[in-house]
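First chain written, first letter: the chains are A, B, C and D, and each begins at residue 1.
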């Protein structure tokens, strides 16, 4: 049923990666950049994920939908290392086993995450927020003694324009509007120059016009990065989705184009069932 | 460039630094040069008192660095303070030499009458100042490193961290009370004679210690400024505000917390070391959890999250304490207790915040004040 | 422009700061009074014991003023609260001597507070009267020890047990701090010198405020059930006593089986205890409220009237202050001035009546002579004197039973030295310059 | 509930009923033997005084009046004489003297009275009631230890034929500890013949055997040593030890040694049991002091530094109650428990409404504020009740111990407090699990806005919850007042331990609190013997710190995503 099942070449064994950021270039020779295979997680008996299989291609924009409690957020937790799965394997490219890495290593490795509720550092200015997110050496002694380099600053300006916050760069992030916070957070992801972006409900509580701009932003990002969007807003999903995955009770219910999944009786049943 | 970053960007800090510098210049003159009779004479009592406050301020600064900026509340900072103090105390004890009551050239008095035959191994080397100085930094530092490494690695945070730090200092207190420990038990270390060859009771020595404390405080302040204004400083603040976000931005939160904690512990140790020769005694009471909580209150009163706030707090609360214990000996705990409650309820930003609020209201009335 | 403003404000604040300083340092304005410092904790853990002594001092001073004061001047008490915080004791002492310029300080309870005060008193050449029984091993030119030294409390008590009750086995139980440590060391040495075997002495230390005595008491019970008469010599401090005696009582150890002789349990402590389980246990002091002499009855009436509460009691440290204060008054009258050196010279040899019918005398080692009384606790929390030394016992600064100190001698008149080594014939160290 | 009870102050049967016959025949015999023996005993004991006094023994009333005057040693002789008269009130008078309720007027001639209650007196000599008003100030007739043990011995001898088997048993045991001599052997053997209770008989056998250990006849000594096998009286052990070490006959030495071994093996077992009980008892204290926190801290997330002071308030309440009803000491605790609950509870509610309600979600701020409150409460206690400790008296039923055998006894106050602790725990558990308040509490603690949404008055629930926790603290205070000082510092001693218990057990989990309290208690008690009290405590703290590193959420963590962030 699943064309990607075991697509990953098992002969190459996982490299013992400490900090992938300085490891060798990511090996995506077999297409997918992210392999989630037979992953299960449970909290006191309740199975949040039930051997979930998911494969994300390089540069793909994937939407993930599903009713509440389908395990969307848990899936993100598992990929970003916040929650360690009970079983199953998660590989980043061919060789980087994410189960062995901690949050900050995964983040440095090139997987960025945006939370459901926008979380930016409210005490700091927009510029500083991006500054913090900037890719590079993030060890204590280094950040203590070194200032930003010239090109890092340029990168920040660049991103400031991408997310359209150039003029409010010195405002404290706390005073931004809801939408602006969302964009700022996405901007922070970009500063990490990640290979994969996990975006959790980006347009929740946005005005229509903000939603459109977000849609443009995300679609423009796809290609350079692989983008995984979790969203409830069907209209929004339709507007950006190339491929949609439906989660239900911790495993994939259906996968395919928006029309395919919407015509899928199982999906309909689940959604009406609510 | 750096000075700009450290100083002019925070007025309050500059003000406080200026004041400390001023007192460091004025007090010695007023104490030594000006005759007793003149109303401007500053008595030795005031000097030692101020010296004590300076040490407290340094301690408060250390706590504010981790509590105010990294949001780590340590209820055990008194422990590092006391350890630094003990290290200094041990040096001072060794300086007594054979001028002790029993005239034993090597053993401190309390060891003589507890029939200790020879000096315990951990007392060796403390006759040399450089060694003692090293220990003053190392002992609190290493303890903080081990403790912090364990705690932060297993993500013990907030309330839990506060409580186990309290347990830490409590355990140390009980341990140091034991006479078998070889630190003088309940009486601790006292009856010091001289430091670096200067008699500890001489006015000049007191001034010296006072100046040392003042300079230490100012340097520590600049060091803290350097940290909080660096990129690392921003990371630390963001850890306080959104820890997991920081993680997902690729920072190893643990190491940041750990190094900050260690640095803060070292500052506390230094404060303790300067404190002991000025008050002339160190005993396990300094480990008491209550002291550590009170310390937290100084910072809260002054205003956590602004380095100079901690200094202001330490001075104001302790000055108040001195006054109250003299004028209302029976009832002084009431105002003190009330202070704690009020500060937490109405002054979340502390005195500094209050001044700030007052300033803002003024500046809004007068637009041209705006920079 | 900005910087100038900043400097200006610094200047302003600097001025205000110096003002704050001078407010700290305002030296006492010259009134025509003699100032007496009272240095007792009114808050914190020691308040329980020390507050009473503060009141005692105020009463004594008031009384003296009624009699027309001293050298024609009124006495003015200066009360401060060191809040059971040892460094604060030192600070307050400095304040009393340097700021308030008091002529004498009456204060301290715990050894550690005295130790913390000592250097300051010596540096500023003040006078400290210390009213509590203590471990000895100290003698300062500026301190007068009006409480009992070990040889004025512990040793006589042990003698009584050994001779009158034929006690053969000994439990030395104490709180883990310097007073019990030293006292027990002295006692152990003393007992062994009297031929008590090693295994017949059990020494046990517990932390301050120890509240769970279950297995210690059952150990004592076991230790005592060997057929030989056993007694407990208790140097257990303050708060730990109540749970200790209750446990004794509940585990069925009565005073006839295993009597407990305490050195830190007096009328005041008993007034805070349900005395039932303590009946028959003993305490050794230099004064009991129950002693029936005119001086004592007068003192008690005066105290009850002053404090305005019929239920209050008097105790040994209060008597010590009574003696110390009167000695100071006499010495000042004798010297005709309150100047420290003059008083220090004048006070040695001064004799004043104590409350148990004798006259105590200030000795050259700055300790005093006292009677030693042994009392059994009664239901009403008072003591029934069962034995007392004939005549007064002179306080020893340095114990004859300790290695380090038995060669030491203190004499501030002949030798002007607190710890003169009789072997090497010189004044060891330099306590007071 | 009098089954096998030893009181700290020796208890005979109640003073107001003299010897009761259990059957006429034995009665006669008993009387005879008692007279015989007491006369004999008294004669021996009073040889010196016997000469001093006129051959015609002074009658009972005169002797009683003599008690009021003269030196302690003279009083001793008088006491013996009184015992010798074998007057029916002799026992009552002596007991009164022993318990310090024998008083004398200052007036002349001095009357000797027994104080039967506050300001109610009867004449010692004949038990007639007297009017307290026209007595003037009375003064207790003092005695000292020598006299006390003497009286106890005498009373014991009288009690040998008391009606109550337990009283007889105590009497025999008293004789054992006083040391048994030839005459007592005779008497004991005689009494044993018609002793009904087997326990008393065994005790008598032991007593006799104990005495026979010193007999000159080898056979007797050997049998005695046999007889004493497994007897747990400490005196017996001591005596056997002596025999085993230095008896002339090797066979007897061996026999004694065997008996000793059997005794020791028993003792070892009992010591283990003792230790466990000690541990549980300590645990129950920890439980009581921590359980209130388990609610305020565990369920509400408030770090209440004033918790200890709330206990203090409970303890003071007990004292106030006892002052208010000086004659109801026996029942004072039952009044104190609800009172303390209410008082502390109200104070708690006041604190919650006045301060804490503004600080929810900021646990560290609550820590500071409540610390301030604790300072204020302490100082308040000093100002109101004076810094001195207050004397809370133990009811009779709280003092003494449940004597399982001479080597193993459980003290009542500890036992009751252990049971009480468990009761409180389960009561609280029921409240949280069964009642609607409990439901609401859990709802609010889990999801405040949601609970609000479904119409729970969160603020009211908060107040109630905090009140509940504080009230429980008050109850703990009542229990503590039976163990330790009641003074301003009471709270300080327990606050840190309580927090440790809660954290160790796992916040928000009552069962965890129970388990952690008990295990900490037992661990502590098993460490103490070799580590010493102080070090044991330090070690425990260190272990706790390390444990929290391993399991940051305690023994029984709250699981699930809610707990994760």
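Keep in mind that, in the parts below, a residue touches a chain if its C-beta (ideal position, glycine included) is under 8 Å from a C-beta of that chain, and two chains touch if they have at least 3 such contacts.
All figures in this text were calculated on a predicted structure; none of them were measured in a lab.
A.B. asks: Taking each chain's centre as the mean of its C-alpha atoms, which one ends up farthest from the centre of chain A?
C.D. replies: Using the mean of the C-alpha atoms as each chain's centre, the farthest one from chain A is C.
A.B. asks: Which chain pair is joined by more contacting C-beta pairs, A-B or B-C?
C.D. replies: Most contacts of the two pairs: B-C.
A.B. asks: Based only on mean CA positions, could you tell me how far chain A sits from chain C in angstrom?
C.D. replies: 73
A.B. asks: Between chain B and chain C, what is the gap in Å from one C-alpha centre to the other?
C.D. replies: It comes to 33 Å between the two C-alpha centres.
A.B. asks: Please tell me the distance, in whole Å, between the geometric centres of chain A and chain D computed from their C-alpha atoms.
C.D. replies: Here chain A and chain D have centroids separated by 67 Å.
A.B. asks: Express in whole angstrom the distance between the two chain centres, defined as the mean CA positions of chain A and chain B.
C.D. replies: 45
A.B. asks: Two or more other chains touching the same residue: where does that happen in chain D?
C.D. replies: Answer for chain D, listing residues that touch two or more other chains: 379, 492, 534, 537.
A.B. asks: Quick one: which residues in chain B touch 2 or more of the other chains?
C.D. replies: Answer for chain B, listing residues that touch two or more other chains: 174, 177-178, 244, 330, 333.
A.B. asks: If you look only at chain A, which of its residues touch chain B in the complex?
C.D. replies: On the chain A side, the touching residues are 21, 80, 82, 102-104, 107-108, 112-113, 115, 119-124, 128, 131-133, 135, 138-141, 143-148, 188, 192.
A.B. asks: Mind listing the chain D positions that touch chain B in their complex?
C.D. replies: Answer in residue numbers: 301, 303, 305, 355, 358-359, 363-369, 371-376, 378-379, 383, 492, 496, 499-500, 503, 534-535, 537-538, 541-542, 544-546, 548-550, 552, 565.
A.B. asks: If you look only at chain B, which of its residues touch chain D in the complex?
C.D. replies: Touch list, chain B to chain D: 73, 147, 150-151, 153-156, 158-160, 162-164, 166-168, 170-171, 174-175, 177-178, 244, 289-290, 293, 296-297, 300, 330-331, 333-334, 336-341, 343-345, 348.
A.B. asks: Residue numbers of chain C touching chain B in their complex, please.
C.D. replies: Against chain B, chain C makes touches at 2-3, 6-7, 9-10, 13-14, 17-18, 20-22, 24-25, 27, 42-43, 79-83, 85-88, 90-92, 94-95, 98-99, 110-112, 115-116, 118-120, 123, 137-138, 176-178, 181-182, 185, 205, 207-208, 402-405, 408, 418-419, 421, 424, 428-431.
A.B. asks: Touching residues of chain B toward chain A in the complex: what are they?
C.D. replies: Answer in residue numbers: 227, 230-232, 234-235, 237-238, 240-242, 244-253, 255-256, 259.
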